[in-house]
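Following are the structures in question.
Two complexes, one shared chain (subunit A), two partners (subunit B, subunit C).
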Partner chain A sequence: MPFAETPLRDEYAAAVEHLARRTLDALHDDAAPPPEAPGADRPLLAAARVLGPDLFAPRLLAGAGPDGPTAALLAEARRTLPPPAAPSAGAALVIAWQDWAAGRLLARTPYGDGAPMPPAPPAPGESGWQTWSVRMSQLSGLALPGLDGPVHDSARTHALSLARGTVRALLRRDQTTAARLARWLAWTDAEGLAPRLEVAPVLDRIRLAGDGSARTALGLAIAHRLLAAPGGGRPAP
Partner chain B sequence: MLTQFRTETAPPSRTATSTEAAALASLMVEDEAAVSDAPTYSPEAVGAGLLVLGLLLSPKPPKEAKPTR
Partner chain C sequence: MTDTHVLGTAQRLGSRALSWLHAAHRDGLGRIPDNTLIDFADADNAYKPLGEVALAASLVLRDGVSGPADTRTARELLDGCWAQLREGDLLYERQLHHFTMTDPLETYGHFARAGYRHPRLEELLDSLARLRAAHAEEIRPNRRLGVANARRVVGLDHRPDWEALALGTWLGARPEPWAVNWMTGYDITHTVFHLTDWGARPDGLPEPMRDYVRDWLPVWLDVWAEVGQWDLVAELLVVDACCGEPTTGRQGWDALAAVQHEDGLLPRDSDPVDGDRERVFLDHQHTAVVAVVAGDVTLARALRATAAG
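Our next item is the complex of A and B:
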């Protein structure tokens, strides 16, 4: 293996990149990610745990539901790797919401396990728009058609704070955080809300100056798809 | 030297270890990059005073010489 002698986190990060690249290819091809070999190894399960709802992005953005093989992989990852202990209460809330989103999508498949809804994250008025926007960037995996809840309500209500957070991240040259917040902005655009910031130039800037990782590229591609089809990514009622 | 690298790989057991949980948590919740904070306007009285003092002490601009006959 190319990363046999690296720390465990690097090994899992490499697996995340591998799986994100496959999902990105599937998104470009308008198909579900190709199924992995049966008996997935542990780094792959960890990668599925990390990417969570994003694994279904190619299908959801095409207006379809979660596919069986990807759902089986994610369900096995959730079984094998329970939610990790977070270093802070805020991080625990982020993991809980990511789990909730994955559970909501799995609930449309035979692998649903009914994840409980966590408490709503604090509003910008409580924690300040800077802290709030960083928290939203960590929850950018929820910015997908077919998912809706208190986090999405917060994004709708505080679109201006999202725009402020995006600009702040760009000024700090934190392209990863900027890409994740721009994805939320694209999601609000697809929801038909008035734009608070022109997203397309931001996405171009991040594409040129970003970290070049497949995970960020996947987020950017999802944002482009959300922008290209306002409301079109959502399944018909 | 190769010995400086840890040789920890994914555990073969089916239960998550604490190291594994920490690796997962750090990948699932990535904090913003600690590069630098956004540039903010922070006026400093000393700096402004020095500027004013420099302006007052600076030589006056030369005047146009009057033509002599």
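Our next item is the complex of A and C:
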């Protein structure tokens, strides 16, 4: 991959975009992302760690389980790269939940490593709906079919706080947070729970006014797919 | 039940803003110049602010939830403003010559609420209401509600289609809540003010609109408090008290209390407060009015709820 001679941070960001684009293409084709060449380099592994469960989105949204090559890549990323350092207890909780989600999906493959379930995040009543919704946006990677737990219960229970967080993010021109929360809204819709905010206009607004990155586009595409398939958010019986 | 911390803050904030307005008026700020002609072109610069002060003071008297000192202050402010309007003659002359204008009626409504009457103006308004022209003026839909409410307060014979008027506003359309901006924020607050007659008729706000406001008010308050738009924050707190049990909690009140000056001035936004005293008064008098109203309607609502409970 042509990542040479760029500063390290740009190189990693480019790898995330590359992998998000491949996953997005796969999502449109209803397929697993094509396997990367064996012996993935460090930026690609870092990107796999960043995207985590989203790497499986094309398969999960098509009603299939995690595929072997993608699982191998994610497992390799988790084996070689430590979890990122957490600047705060809240951030540590987010990382722990992202890790749990990746572990849950890998547990359905030969690469399972069974990450323990972290404590439930604080409810809006404890932290305020603003803080709660920002944390939920950071956990939007969990909004996928086949994952369920206390974070998902929190999304089901606090539909209005999700909607308020989305509106707040849009008014603050924070399209990234808005996109992630809109994905949760779409997920609750797929669960058969009517969101407290119309989701389609929000997705369209972010498509036009957002950062245009492949990663945001992937999140939006996942949200669209969740919206298009009411009940599709539940695991197949 | 409303948090007692909120009620304490609301009472102090409103009372101090009322004192600030009173001190300014006592010292002659905001007066209509003696040589002003009746036919002045720009109502905003002349008696609109007087009408706004009258609004705040009339609500203090209407709701009766303030202490004796604030009640006396409110009465003195109304007396002073009414005298400047030459006991309503100025409104009458303006309405007579510019008979499709609505601001004389809107201003008069605040005085009439507190018992200041001008029979010739009322006769004129009654006559004008029978003209198709009076209803043909192309004004903003929330302003149309203001006119309808003023007619109701004055007691003029009128039967507006409140529901149709309400549905014609931004709020009536219940748009995507993230589409609101600073201007439409004020459209929303004013629609609620007039439909509920400043909190006295909470049921005047149609239920779907009330549910919509209660869903999104905490978000709007949060984003405008973050950027220090204190005038709009105070208006949103008025709205909160006009729609039933408040939904926004302490956030807005604590933010306003933190920026109110020792003398009661409440800055309209986060820009520096500077200039001579008159400039400062002109810039921030509207926010003081809103603060008085916010404190008053919040206390009045809590008291009604306690009485009903």
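The criterion applied here is as follows: the second predicted complex is superposed on the first by the 227 of 237 C-alpha atoms of A that agree within 3 Å, B and C clash if a C-alpha of one lies under 4 Å from a C-alpha of the other, contacts with A are read in each partner's own complex, and residues count from 1 in each chain.
One rule holds in what follows: a residue touches a chain if its C-beta (ideal position, glycine included) is under 8 Å from a C-beta of that chain, and two chains touch if they have at least 3 such contacts.
From a predicted model like this one, the values you see are computed outputs, not experimental measurements.
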Please determine, from the superposition on subunit A, whether subunit B and subunit C clash or fit. clash
Given the touch rule stated above, what does A:202 touch, subunit B (first), subunit C (second), both, or neither? second
Between subunit B (first) and subunit C (second), which, if any, makes contact with A:160: first, second, both or neither? second
For A:129, using the defined touch cut-off, is the partner it touches subunit B, subunit C, both, or neither? Pick first, second, both or neither. second
In the overlaid three-chain picture, which partner chain does A:41 touch, first (subunit B) or second (subunit C), both, or neither? first
Touching A:49, do we find subunit B (first), subunit C (second), both, or neither? first
For A:81, decide between first (touching subunit B), second (touching subunit C), both and neither. first
Have a look at where A:171 lands relative to subunit B and subunit C in the superposition and call it first, second, both or neither. both
Looking only at subunit A, is it subunit B or subunit C that touches more of its residues? B
Have a look at where A:120 lands relative to subunit B and subunit C in the superposition and call it first, second, both or neither. neither
If I apply the document's touch criterion, which positions on subunit A are contacted by subunit B in one structure and by subunit C in the other? 168, 171-172
Mind listing the subunit B positions that touch subunit A in their complex? 2, 5-12, 14, 16, 18-33, 35-39
Touching residues on subunit A, where the partner in the complex is subunit B: 4-9, 11-13, 16, 41-43, 46, 49-50, 80-82, 84-87, 91, 94-95, 98, 134, 137-138, 168-169, 171-174, 176-177
Residue ranges of subunit A touching subunit C (in the complex, touch as defined): 129-130, 160, 163-164, 166-168, 170-172, 196-198, 201-202, 205
Residues of subunit C defined as touching subunit A within the complex: 176-178, 180, 215-216, 218-220, 222-223, 226
